[in-house]
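Next up: the structures, one after another.
You will see chain A twice below: alongside chain B first, and alongside chain C after that.
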Partner chain A sequence: MPIKSPFHPRTAALCESMNYKEWAGYYAVSSYLVHHDMEYFAFRNASGLLDITPLFKYSVKGKDAARFLSRIMVRDISKLKIGRVTYCCWCTADGKVVDDGTVMRRGEYDFFVTSADPCFSWFSRFQRGYDVELKDISEEVAGLALQGPTSRDILKQITDAPLDQLKYFGTTEALVADFIIHISRTGYTGDLGYELWVDHEQALKLWDLIMVEGSAYGIRPAGLDALDVTRVEAGLILKDVDYYNALHAFIDDRKSSPYEIALGWAVNLDRDPFNGQRALRSEKEEGSKWAITGLVLDWDEIEGLYARYGLPPEVPGMAWRKSIPLYVNKAKEKQIGYATSGTWSPILKKNIALATIEEKYNKVGSEVELEFTVEHVRHTVKATISKTQFYNPERKRSNPGLKKDKP
Partner chain B sequence: MGKKYDVIVIGGGHNGLTAATALAKKGKKVLVLEKNKTLGGLASYREFHPDYFSNGLLQDTSCVRKQIVDDLQLEKYGLNIRSERPSVTLLSKNGKAIRLSGDVKATASEISGFSQSDGKAYVEYSNFIKNISPFLTALLNEVPPDLMNFGTWELLALGKLGWKLKGLGKKTMNEFLKVAPMCVADFLNEHFETDFLKAGICAPAIYGSFTGPWSSYTTLNLLMHECTSRVRIEGGPKALIDALEKAAKNHGVTVETNNAVQRIQLDKNGSVHGVVDSNEDVHASAMVLSTCTPQDTFLKFLSPNEIDYPLEHDITHYRSRGTTAKLNIAVKGNIRSRHTNQLFEYGRTGNSFDEIEKAFDAVKYGRYSDEPILDIHIPGSATPSGGQVISVLVHFGPYELREGWNESSRSGLEKTIMNTLEGYLDFSDCTIVHKELLTPVDIESSYGITNGHIYHGEHAVDQIITRPIPKCARYDTPVKGLFIGGSGSHPGGGITCAPGYLSAQRILKF
Partner chain C sequence: MSSKYDAIIVGGGHNGLICAAYLAKAGKKVLVLEKRYVLGGAAVSEELYPGFTFSVASYVVSLFRPHIIRELNLAKHGYEVIPMDCSLTPLPNGDSLARWGDAHKSRREISRFSQKDAEIYPEFSKVMTHMGKLAKAVIDHPAPDINSMKPGEIANMLRLGKAFKDLGPDLLHLNIKLVTMSALDFLDRWFESDVLKAPMSVSGIIGTFQGVRSPGTAYVLLHHYMGQLDGSFRSWGLSKGGTGGISIACANAATSFGAEIKTNAPVDKVLLKNGKASGVVLENGDEYYSKLIISNLDPNQTYLNLVGEEHLDSDVVKEVKRFKFRGSSGKVNLALDRAPEFACRPGIGDHLRGDIAIAPGTEYLEKAFDQAKYGEWSTRPYINAVIPSLTDPTVAPPGKHILSCFVQYAPYNIKEGAENWPKYRETFGDTVVDTMAEYIPGLKDMIIYRQVLTPWDLEQQMGLTEGNIFQGELSLEQLLFQRPLSGFAKYETSIESLYMCGSGTHPGGGIMGASGELCAKLILQSKSI
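And then the complex of A and B:
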């Protein structure tokens, strides 16, 4: 039986569809209404409020906290400034990705780490020799994601924290009513948005404040179905969908390096030894086998395929996640990869997907063929390789409240 | 930046000196760094009281490999080695004693004085040892086959061992395969009837293995000891170290004592680049051979982020719970044996399997034995002023004593040892000048061996087959350029010279 997050009394009352899924052992709303489109548009045009308590959360404190995290992460965390957040991944000794998440530096010796899989046992393996206190605070701290163009305005109603100054991937402490929360300008929608971290005891108070103040800004509670559409639009990968945790992979072929899942930019190779350094260094030299890339499906071909059967073109009702073969040409002469997740993007009006493709075929602008089933028959449609960030609005990283950004 | 060496050997114990000499003999430029002021490690000669010297923490030199002594021509450097192991007197509680000498016939006839059938059994037992020796010594005196990357060569190497096993003959082979996994008590019960004889024979199988006589696979330990305990070195550990030092220096080995390695330096690619010594001087070398414990080698000399987690995991789970204490006693006057007319040189107590097992039980629960098993050495050579030294290896006292090692627990253990010892030795005609007790904690701090384990890790069957761990079982390690060759490597602890010699052979292949 899944357990209930501290927000459950509110989310359950609002969840008209009764449509839940299990996320890391918690009940998680898939969509509040029977279809998620209103929630999606809240994310894109107003604000959506999503319960992200099921994420795993760790506190890393102590004199050697930065060195300790630098040993585990592919990024040099000792370079992370106080008040900043970084997104990165961590690897096995063979340089294969275990999980990805964010690392927030709240103080010189105070870090907050989120992950998708439980990682306490993994992290704790590396404590020897470091003056560090690692704590699993997953069940002490609740999380909310407030994402969308009006999210900053809503937060300004409930706190005096310097939100105009808080930059993309910044984090700050904030006083809300009579309690303290942590705000990070992060999220999984690729838009302006924040994640709020609050003690369990204050969780409901925070929810209520946001919903009350947010009503003037078009806020809606949002579920995972809407989030899934936005995360594909933003080109953000998902563990167990777009890649596997190397510790859970049944076979070596299922393991991926950071370079193979579009996280190569996060790897800082030339520094003190860290987990996977040697393997990653040689992969960097020798080249990777796989890459994660974006695909934009050719609408005319899709329309044409449906027309053959006398059907109007269909678009998927929600984001999908399954493995679909990717070929070098229509004759399916060679499979060069597979799409792992995709969606119809309502805002871009495009059929998009994330795919794993052999590195040598990964050239933005080049065309490949993706299997496409219409009327029980497997066809292919042309797909153009694109950057994974399909949707990337300027407001995601801008600070219009900052003087220099003002006209 | 210091001079550039081909190989830097960490530790000037008998294995370090053996390896250094073997390498230098083949033209390698070698530096040995020893943290103590004297060479020898566990075999070092040490003044524990003015004018009184302990002849090594370990006192048994009977397992030194003759072929290594020959290859390094140690006799040329003053070593006097004979192909008959020294006699050991087995002592019972009720005043009986048996002298196990290298001469099987003489020993058998002495045993027959207690039991005709045991006398006969001893001859059969000795024949069995003799018969299996070609196989076991082949196993113990060569670089072990590579079980991690199994290929044609490894198959051949294993085939060769298999052939040697088959060469024992059907009867001996079957007997060997039957008894090796047995507990030593069951094995010896099949042949002998006299309790203290059985206990005395089995004792070496129990030393440093965290087992009692009723633990499985202890027979294998016994057979390995019996097959390799073959020589007598006049002058004991000191004589061996003196000869090794001369040989090493004669072959051009640079030896620095009083110089502790602080850490091993790796380059950007994680390969060995040199070592940093106690003066923070860097000695450059692409190869380092550590004869320290596997734990010190990987966990102390390297930073936590310099070794991969799987290696760290294996090393931290390598079992080396120290269970041996040492008591050095300085005596003036005459010590007498209560059991024999003449004072023995080597004596072993034990009395019965059950008493050894009970003594062992204590350490499982963090206590020292109420009646410890004693491995007594009385070198006999008097000090200039006519004193004598009694060295006793005491089984069992735990590294992690539940009540902690302090003044009261130390004096408690010392009293217990003396009470036991006085059952065998008569001190009435002499004065005890000084007693020095080394608990496993003291052994760790004075000799730098993890948990004070006298063999750098337990002699348990898994840690013998691939010693210390599968990844490092052939002296090279996952850290490029770093080799290990102390007692924590094949074929194990004790004064044998074998790990040092075999690791040198392996280094010469790189």
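And then the complex of A and C:
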């Protein structure tokens, strides 16, 4: 049975729809109202507040903490500056991705790591020989994501921390009322936003302060359904949907390298040994088999298909996650991959999807065919290959307090 | 003599900007001249009071054609519409009806007034959605010319005919009822509850000088059902940053394709050479020459002011003068120091994040119209209000709010004479505030700024003749091949090289963009530039 996050007393009181799902062993709100669209628009136009406590959280401290994490992660964590955060993944020895998450450097010897799957055992198997203390703090620290254009304004009402200076992927300690939280300018919406990390005992106090101050800034509690739309728009992949944890994959074909899931940019190959280095080096040289890419579905074809049945065009009511075949042409001569998740983007006015495609077909701008079912009949529609980051507003990265930013 | 353009567009309303964008996208050299300091025409956002951005005139969006968003890449240029989830009708007795996106929630609400109506409501929506499919056939194409035997025109007629025939016999008969009946008579065929019918029927009178019992208003009801938001028909939304946000997105698209836009550039006259439009002269005397002139202004302004009666054939003058405007609505925009609470549903919730209709009964609406018939504004008018700041925090300072009220009836021709409207402007404003205050206790103490726009003001400020928000009434005899004039319904005018692209042309008003788009496409198709 799932357990309740420390925010449960508040989220449950607000969750009119009683629409929950299980997330990493916790009850997590899918949508507060029967439909999630108002929550989606809060993320994009005001602010949404999302309970992210179910993420796994680790404290990594000690003289060798940076070296230790560099050994595990595909990224060279020793280069990460204090007060900075990086998003990366970690691999098996054969270069297949175990999980992805964020690494935050809070001090010279003090790191905070989040992951989607429990990774204590995986991390600890590399511990020998390093002066490092690894601690699972998943059930001590609660998390909130405050995401949206007004999120900075709301946080400024509850803390004096230098938020105007806090850059994208920066992290800072902050005094809120009479307790300390950690703020990182990170998130899963591809928008201006923050993630807040707080001890369980202070969790409700933090929630209340944010909701009270947020009311003048259009805040709304938001659930995972709305988040799912934003994360597809932002082109952010999801474990067990767009790829599998290599340790849990039943067959080798289900394993992916960082290069195959659009995380190649995070790999720092030329440095001291790290897990997966040899395999990734040879994959880099020989090329990868698969790639994750973005798809934009052709609206006119969709509308035409519906019109054939006398139907007005429909858009999916929520983000979807299922495997849908991708073909090289309308004659379906060859299947070249599969879409794994997608959504109607209300802000871009486009039907978009994330897909795994054979690397040789992954050319931005080229056209492929995606299976598309209308009125019980399978058709295909034209889809144009695009970058995965469909939506990328300037405010995500900008800082009003720093000079070089445009207004 | 200034540089030569392929097309000059007079008026930077959303249709003019869309027309400019399509022409510029096709590689044409385009200049848009806007009289005011700000773009948008009636789809305009203005910071009238520090920190408060008002959708001064037009305030909600539904009818905007989705293919225009795609073709002009408007999402990239800032087009953003946030859907509204609720339609609230507060009642004087303290009760209220709220209709929601959540179908079962709506059913339970309507059941309190009529269980039968509650269950028929989704059936009605289904039928109207079928009707809405006609939109593609009717509003996404130029109106056919019924006098022409050209193959293209006959094909146009057939296409339109087929769309109607495809409805099937039941829906076709229903459609004929829709175009001939009154909004309320039509609704009477479906529903029994007055509380439900009143707010539904008002879609049939918006912008017209008609009552909910006037024949022909059922068509206007349908016109408002043709909207489309993200594929689903009949849903309304608020434009981020006010409706001017849409105009700015259209302007950004136009300039990205190379169009030139000038504000504070009021055009005085269209220059004629051998009876052909060849340029424009601004009020300051500057002249601009172009192969084509496209007017975004209404038919009256275009023919009688830009061209001038002296250059027109007498039959054209006669028809233009007979084109009905007779504006019937005003607008009151309020800046509030806090969120307004309604007596019927205390608290600030999602019931306020949609539109709020002061339409507490069909008799109320008919009485409101009765006064208008005799040259008075309604003592208790129909009001459609929105509080956009609850959904879009960019339009008001934190904790402060905007209450935007569309008000009908405020006839242009008051018995004291339209030119006397300025004398009565604030009294009219008081009527609106008094009406709203009956539902929002303490409203008067919340107001920190008030803007009152009478039909006279809409005419003076925005150039809308007689204050008609649709650039001419949406009545049957002024639609399709008769909009604006029989024989000149394909965006051309009786003057060679002078075109029209505003709401005064087919398919008409609302922030739809179709007139601007169709005008541009027809010009490009005809290869006249």
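The working rule: the second predicted complex is superposed on the first by the 403 of 407 C-alpha atoms of A that agree within 3 Å, B and C clash if a C-alpha of one lies under 4 Å from a C-alpha of the other, contacts with A are read in each partner's own complex, and residues count from 1 in each chain.
Here, a contact is a pair of C-beta atoms (placed from the backbone, for glycine too) under 8 Å apart; a residue touches a chain by one contact, two chains touch by 3 or more.
Model, not experiment: these values are computed from the prediction.
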{"item": "Overlay on chain A: chain C relative to chain B, clash or fit", "value": "fit"}
{"item": "Touching partner for A:His376 - first (chain B), second (chain C), both, neither", "value": "neither"}
{"item": "Touched partner set for A:Trp344, first chain B, second chain C, both or neither", "value": "second"}
{"item": "Contacts of A:Lys81 with chain B and chain C, given as first, second, both or neither", "value": "neither"}
{"item": "Dominant toucher of chain A (residue count), chain B or chain C", "value": "C"}
{"item": "Angle at chain A between chain B and chain C, C-alpha centres, nearest 10 degrees", "value": "170"}
{"item": "Which of chain B and chain C A:Trp299 touches, first, second, both or neither", "value": "second"}
{"item": "First, second, both or neither for A:Gly310, with chain B first and chain C second", "value": "second"}
{"item": "After superposition on chain A, the shortest CA separation from chain B to chain C (Å)", "value": "47"}
{"item": "Shared contact residues on chain A - chain B and chain C", "value": "none"}
{"item": "Of all residues in chain B, those that touch chain A in their complex", "value": "266, 268-270, 299, 303-306, 308-310, 312-313, 316"}
{"item": "Chain C residues touching chain A - in the complex, by the definition given at the top", "value": "66-67, 69-70, 74-75, 79-80, 82-83, 85, 101-102, 105, 129, 132-133, 166, 230-233, 240, 348, 350, 353, 390-394, 398-399"}
{"item": "Contact footprint of chain C on chain A as seen in their complex", "value": "33-35, 37-38, 41, 44-46, 149-150, 153, 215-218, 299-300, 310, 312-315, 344, 346-350"}
{"item": "Complex contacts: residues of chain A adjacent to chain B", "value": "71, 92-93, 125-126, 128-130, 270, 272-275, 277-278, 281"}
